[in-house]
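Structures are listed in the sections that come next.
Look for subunit A in each of the two complexes below; its partner is subunit B in the first and subunit C in the second.
Right, the complex of A and B next:
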């Protein structure tokens, strides 16, 4: 499976309620590098957006509110988005993603300045 | 002193590099049909390209990422790929037009048919991209392109009725012989010629090629803010020459020889020689820039190693993709398609594709994670938003107007 297969997939809760679509994947670079010039990335989780599978243009990561009105428009479009951790994913199929019982929805923003 | 020379060289290169086959053809066509009544569009386009180049140059210098790396990152793979497809297709069309332009200029010099010059022109473009260092390549083409100043000299030698020209320029109106739809179609074409997307792909990738850092921002800004408006003056001079000589004679521009006709009339053989060297340098320089831009956009999107600062063996796919693009351009031109016509279409499609790359750059130029303190100021954001509206309007109206007017016929 490649990442493109997952992006845009429908996301369901444990009770089969529709939660949204996969808008992005969040990686953490904390693994030993697999080779020269490569970064050791670990999938932290998926970002689920209830209204659109389109790109956030980066606005989910921070609280930047400029340039007006694009920032406001994109934030409104992705209102209610959340980050779901890898541990909370039960089935990651090519078409749908199902979450485990008792999953928690995290704020998709990065803490602090974050690193791009 | 060395720094001052660097600034002067940067400005001169930007002036000479501003004009390409799209500007040459569109300005002459517009001058010969509408006089100076559309010249305000050159001003609008020049301010737009200054804004756009300033933002993308700043993003590249501060974050080290060129335009399509940013687009891929912000739009994601699917929307990014659609964006790449459109931008790449239009860029390829511009490559074809520029190579055709080199061949047409060589035909004017030698009287040998342009179809015979096309393979040589494409080969020369490839050879320079393969062998010549970035800085030398950029400066030589830009400085020789300054020969186009002869269009401005010719305009003075023609001794036109300045009052009439200024009247047309300052109180623009649709000429009685043309209808409003055609007027606006050419307004969009002129806008697309001044604000061609490849200029920005090349400018931002060039910033990475030359290793710009935050401290180089002042120089980059001077290059853009002085060089592009002065380059725009060359466009105005080309249109002015056409308005003074071709419009009264009822000559509609369909070939390169008609574009240089006013220069020959005003200044004879010597002026014509300058104009030809200028056109050859401008089209050759733009052919290099567009071919490189096709490699840059593909390589940046797909994450291949790219850049002329690497030897070809270290950026194999980047160089291979440019060779393929040149071959495709050759194949299109070999069918006998008219390079002038290809140019006219390419500038209109440039206007169609512009919002695709403009918006992501505007957004990233506002992201403090990337830009630190070098984010857009409020003034730039207001101007950039106004331009976004203009760009969107031009993009949405271009194809309907093209259909209604039969491409300005």
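Right, the complex of A and C next:
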């Protein structure tokens, strides 16, 4: 599957409630297997934004606040963004992503989520 | 774009991870790829995921997909007008060759061995070498 097919897809809850669009995909580097230079990048989940189909520079996911007006504008634009984990995704496609019953919305912040 | 009908009122903290976290748009896409000798190879236009198929229901407890390759190709037109090039037009750079992800993405192999640099090799072998003095470094 090609990642950019999923970016921008509409995200629906289990009851067909529209939640937003896929703004990004989050990966975690696990331990590298023998003979490989870098760990495999495992999909942890998708960042869902209720107000935009993408994300610009990730201001809503980190503590960067300079230049202040720009940071405030972008944080407001991406307000309400959340992370849904892979375990909560039922179907992933170029048009829609459907979540499982009882899915959890997680804080999308990168601070404390690992070094990046 | 439709307005969302429901926004989760409460966000749970992100689950702790033992490894480094990378967001595709922020840390991978559009990054320059550098080979083991420090030579630029390409930029990352897309990522290929292994372990998931589009629009096929995912079994509960299924293993998470992983990045199998970095993709590059002729994406300028599709970025302006929408869509993406056919999968067959994209050149794959396997994730196994990636040695580090930083401001740039570094490889552990030489660009000579990669399909990405075929244009550069072709120009060198077919055009530059036919120019007088083109077969050796400048004195």
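FYI, the second predicted complex is superposed on the first by the 103 of 116 C-alpha atoms of A that agree within 3 Å, B and C clash if a C-alpha of one lies under 4 Å from a C-alpha of the other, contacts with A are read in each partner's own complex, and residues count from 1 in each chain.
We adopt the following convention: contacts are C-beta pairs under 8 Å (C-beta built on N, C-alpha and C of every residue); 3 or more make two chains touch, one makes a residue touch a chain.
None of the values given here were measured: they were computed from a predicted structure.
**Student:** For the three-chain model obtained by superposing on subunit A, do subunit B and subunit C clash or fit?
**Tutor:** Clash.
**Student:** Answer with first, second, both or neither: which of subunit B and subunit C does A:70 touch in the superposed model?
**Tutor:** first
**Student:** What is the contact status of A:26 with respect to subunit B (first) and subunit C (second): first, second, both, or neither?
**Tutor:** second
**Student:** In this superposed model, does subunit C or subunit B come into contact with more residues of subunit A?
**Tutor:** C
**Student:** Between subunit B (first) and subunit C (second), which does A:85 come into contact with in this model arrangement: first, second, both, or neither?
**Tutor:** second
**Student:** Quick check for you: in the superposed arrangement, does A:44 touch first (subunit B), second (subunit C), both or neither?
**Tutor:** It touches subunit C, and subunit B stays clear.
**Student:** Touch check for A:55: first (subunit B), second (subunit C), both, or neither?
**Tutor:** In the superposition, A:55 contacts both subunit B and subunit C.
**Student:** Touching subunit B and also subunit C: which subunit A residues?
**Tutor:** 3-4, 7, 24, 54-55, 57-58, 61, 113-116
**Student:** Could you list, by residue number, the parts of subunit C that touch subunit A in their complex?
**Tutor:** Of all residues in subunit C, those touching subunit A are 1-8, 10-15, 17-29, 46-49, 52-58, 60-61, 64-67, 71, 84, 87, 90, 95-101, 108.
**Student:** Which of the residues in subunit B come into contact with subunit A in the complex?
**Tutor:** 63, 73-79, 359-360, 362-364, 366-370, 375-376, 381, 384-385
**Student:** Enumerate the contact residues on subunit A facing subunit B in the complex.
**Tutor:** Interface residues on the subunit A side: 3-4, 7-8, 24, 54-55, 57-58, 61-62, 64, 66-68, 70-71, 113-116.
**Student:** So in the complex, the part of subunit A that touches subunit C is made up of which residues?
**Tutor:** Checking each residue of subunit A against subunit C gives 1-7, 13, 17-21, 23-31, 36-44, 47, 50-51, 53-55, 57-58, 61, 80, 82-83, 85-87, 89-95, 100, 104-110, 112-116.
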